[in-house]
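In structure tokens below, several structures.
In the two complexes that follow, chain A is the common piece, with chain B as its partner first and chain C second.
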Partner chain A sequence: MVLAFFVRGPIVDRVSDEALRGQTIVGGIALLLGVFSISQVHWRRIASGHADRGYSAILLVCLVAMAGFGTVQGVEAGGVFDWLFERLQAPMMATMFSMLAFFIASAAYRAFRARTITSAILLLTAVIVMLGRIPMGQYVYDGLPAWTNWIMTVPSVAVQRGIIIGAALGAASISLRVLLGIERSYLGRG
Partner chain B sequence: MRFWEKMQGIDRRVIFTLIFASVIVPTLWPLHLPTAITPETQAFFNAIDSLPPGARVMLPFDVWPSTLAETEPMAVAALRHCFKKNLRVIGLSNVAMGGPSIADRILKRIGDEFGKTYGIDYVNLGYKANYQAVLLGMGSKIADIFPTDHHGTRLDSLPLMREVPNYDSVRFILIVSDNAMVDYWVSLVNARFGTPMGAGVTAVMAPKQLSYIQAGQLHGLLGGMKGAAEYESLIGYVDKANRGMDSQSLIHLLIIGFIVLGNVGHFVVRRTKGRGGQI
Partner chain C sequence: MTFFHWPHRPACCSAIGTVALCLLSRSALAADEAAAATGYGLRLERLNALVFTLVFAGVILRYIRRAIRGEKFYMRPLPGLDAVDEAVGRATEMGRPIIFVPGTDDLDNIQTIAGLAVLGRVARTAARYRTPLRVPVLYPLALAGAQQTVQQARLDEGVMEPMDAETVQYVAGESFSFSARIGGMMLREKPAAGIYMGRFAAESLLIAEMGQVAGAIQIAGTAEPEQLPFFIAACDYTLMGEEFYAASAYLANEPRMLGALSGQDVLKLVIVAVVVAGAVSVSFGWGADFWQALLAAK
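== the complex of A and B ==
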């Protein structure tokens, strides 16, 4: 599969395709394994009378309901699965995410302090970017969107690129260690 | 000084109420503020606009329901642009939880708006587990990965999919994502098959994607609600993203106000305490 990134030809493509097909099947089985595992964990919690058994029961009921309606009736618009997703799951997830705005505002007021030069630079940069990303920013100062764009495309990208390259090198080296048998911690050994 | 001391210990419910008001007020009474177009959004628009009518584009809805406020407006705007240009759209999702349903709902709504027919002008392939294998596998044969579409119809019975065996027949990929999927589309699909692509991502993800723009791996980027609002303005369909930007503007101003107020209060109180004065 790695070779297929650099060389294209009937043999390489065929071997790569077969490996991918196998990977897709393993992925599907892993999903089933995940469902089985989560069901087992929460069933044990209910059976042992754990303090949070109520939440476990809700999880199992929801799991069975969504999977049941999705399998029996399908996931088409107008069905029960779709109704549960659109009316319950999506609004609940959106609500959880929306609450971030409240906590960020509260944290900004209480914790974001210019105690040192570096934190003052961070604070100033944040203010410029926040102002430059909104329509009102250009009314405050015409050049703010350009300043924001410079911050985001030059210093920020430089750091991001460093992180990406670092993470890629780390992933490559750990993969190599696993392939060569040097890294065995995933087998429960040091 | 008692004022600043009191301000330091302000009840957080006051902050929450102000945030709530900043969202609700512009939603009820829109401010209609114009949004400056960034080069990345312009590049995204140009990439789609330059495609010939009938060209096939892929639109992965790699989003969770939690970020729909940001990602749905950009998916809707991208679809409107595609259908306005008579492009044909292949939707799919690599997010199990909600992705395929979101794709189905948005594709149908905008497809109906433009009088498009399922199977001919657009399809929804749905979801398949193991995104790395899915992304690479579609480069050889899409039907091997998705034998049927989201509704269980065989791909060979859908006229659009009979013309699209793999990425070679796809002119552009418009990724709408709120997670690391853009990295995989870039590193697996763009790197190996060379299919041009652009992305619409949440605001917190945008800075990372800018490195792909500069490397020429992405041909345009919509960053958060602002990117969606810019795109809406460019295609001439001002909708939810522009309305959302009013609320976002007020919240940003409010947070900046909180930061300034918090810092002034902190330093005034600290200086007074340092002098041994009463606060």
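== the complex of A and C ==
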């Protein structure tokens, strides 16, 4: 696949496509491992009378119901699977996502306490950016949107690019270590 | 380039250098045009990436070779990684589990591999002190990888009992369900330490804030610039970008891996020099004509 990235040709392209297809098939089969793992953990909890066995029972019922309706009826709009997804799963996912707003507030409260010079700079920068992003900021001082724009496009982007370049080199380095067999910690060895 | 002056370069490095020079020459372009007629040839639009890859590989190999010969390389301290043992020790003393999340992506993402590499070290320390470890994963292939990693670490530490099914478990196939499950785990099991190493998206703050509520010491590492502020705000230690990729080498303290990191630093210096030269060129209005004239004058 590395070769196919740099070299074109029927055989190279075909081998690369087959490798990708193989990866998809392995990923699909591996899903069974996941289903086995989740079923095993929660079935044991129910069988052993664990305090949270009620949650485990709900999870297993939902797992069987979604898989069953999806297999028997299909996943098209109007079916039971679609109803369960749209009316139960999607709202629950949206609820989790919405909780981010509260978590951002609590994390910001801790991060923005001006106990040191650096956290004071962070606080000041955050106040400028937040005020510059809302209409009220312009009424406080009409230069705030320009300041905000400068902060977001110059220092912020410069730092992000630095992190991205470092991370890209790090990714290439660890990839090489894996390919050469030097890095084997992810297999529990080394 | 010092790479080509290496006195005892192995055959592979020589081949890499030769290929790189060939690729830079015009003859390579002509050969590619001829080859295009047969359906085979280089993807010239990716030539720059190929040259950089070959040079990068050559420099890394050179430094690995130097490390094998016994040369010592300096590695600056990373407090976040020094805290890993502290976190495991805290969990052992408190008799509470450690939660390790190897990101929310599959094994085909290099960040997941880097996360599993750190998991290997953490699992080994946890097995040594018989500290409970929880590794929730989002993808089945990552599950297989994490199971293998933890099992091997336990065997290396002489733990022969079969691994509990709850140690490494598949939790969900969707990131917010995954976050909800980890949140429940945090609040019910009250882990002493939370270690999050891998690729994260919006769930980063959900997980880290839940860990904060549970009172866990938290160490995070990711190469996603968008998620770093969340981890910095919510965790005790954060490994940013390249620090995260260097984590396994740092923890292993193995010469070849440290050599690879030093080679990476050399290339970083080269990139910094190019960035500075580019900034100076743009600032003074020196375009391509200026540099061509300078080279011609030489």
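The rule we apply is simple: the second predicted complex is superposed on the first by the 172 of 190 C-alpha atoms of A that agree within 3 Å, B and C clash if a C-alpha of one lies under 4 Å from a C-alpha of the other, contacts with A are read in each partner's own complex, and residues count from 1 in each chain.
The rule we apply is simple: a contact is a pair of C-beta atoms (placed from the backbone, for glycine too) under 8 Å apart; a residue touches a chain by one contact, two chains touch by 3 or more.
These numbers come from a predicted model, not from an experiment.
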Overlaying the two complexes on chain A, which is it for chain B and chain C: clash or fit? fit
In the superposed arrangement, does A:Ile182 touch chain B (first), chain C (second), both or neither? second
So, A:Arg44: does it touch chain B (first), chain C (second), both, or neither? second
Between chain B and chain C, whom does A:Phe5 touch in the aligned arrangement: first, second, both, or neither? both
Classify the contacts of A:Pro135 with the two partner chains as first (chain B alone), second (chain C alone), both, or neither. first
Chain B versus chain C as contact partner of A:Gly54, first or second or both or neither: neither
Between chain B (first) and chain C (second), which does A:Val75 come into contact with in this model arrangement: first, second, both, or neither? first
With both complexes overlaid on chain A, does A:Val127 touch chain B (first), chain C (second), both or neither? first
Can A:Ala90 be said to touch chain B (first), chain C (second), both, or neither? first
Is A:Pro155 in contact with chain B, with chain C, with both, or with neither (first, second, both, neither)? neither
Between chain B and chain C, what is the shortest CA distance in the superposition, whole Å? 5
Same chain A residues contacting chain B and chain C, which ones? 5, 23, 26-27, 30-31, 89, 93, 96-97, 104, 106, 108, 110, 160, 163-164
Chain A to chain C touching residues, read off their complex: 5-10, 12, 23, 26-27, 30-35, 37-38, 40-41, 44, 52, 55, 89, 92-93, 96-97, 99-100, 103-104, 106-108, 110-111, 160, 163-167, 169-178, 180, 182-183, 185-190
Under the touch definition given earlier, write down the residues of chain A that touch chain B in their complex. 1, 4-5, 13, 16-17, 20-21, 23-24, 26-28, 30-31, 74-77, 82, 85-86, 89-90, 93-94, 96-98, 101-102, 104-106, 108-110, 112-114, 123, 126-127, 130-131, 133-136, 138, 145, 149, 152-153, 156-157, 160-161, 163-164
Which residues of chain B touch chain A once you look at their complex with the stated criterion? 10, 12, 15-16, 18-20, 23, 33-36, 38-39, 64-69, 96-98, 100-101, 104-105, 108, 128-130, 132-134, 136-137, 140-141, 144-145, 150-152, 191-192, 203, 206-208, 210-211, 214, 224, 226, 245, 248-249, 251-256, 258-259, 261-263, 266
Residue positions on chain C within touch of chain A in the complex are 39-43, 46, 49-50, 53, 56-57, 60, 64, 106, 108, 110-111, 113-114, 116-121, 123-124, 139-141, 143-145, 148-153, 155-156, 165-166, 168-171, 173-174, 176-177, 179-180, 184, 188, 202, 205-206, 208-209, 212, 223, 225, 228, 230, 232-234, 240-246, 248-249, 251-252, 254, 256-257, 260-261, 263-264, 267-268, 271
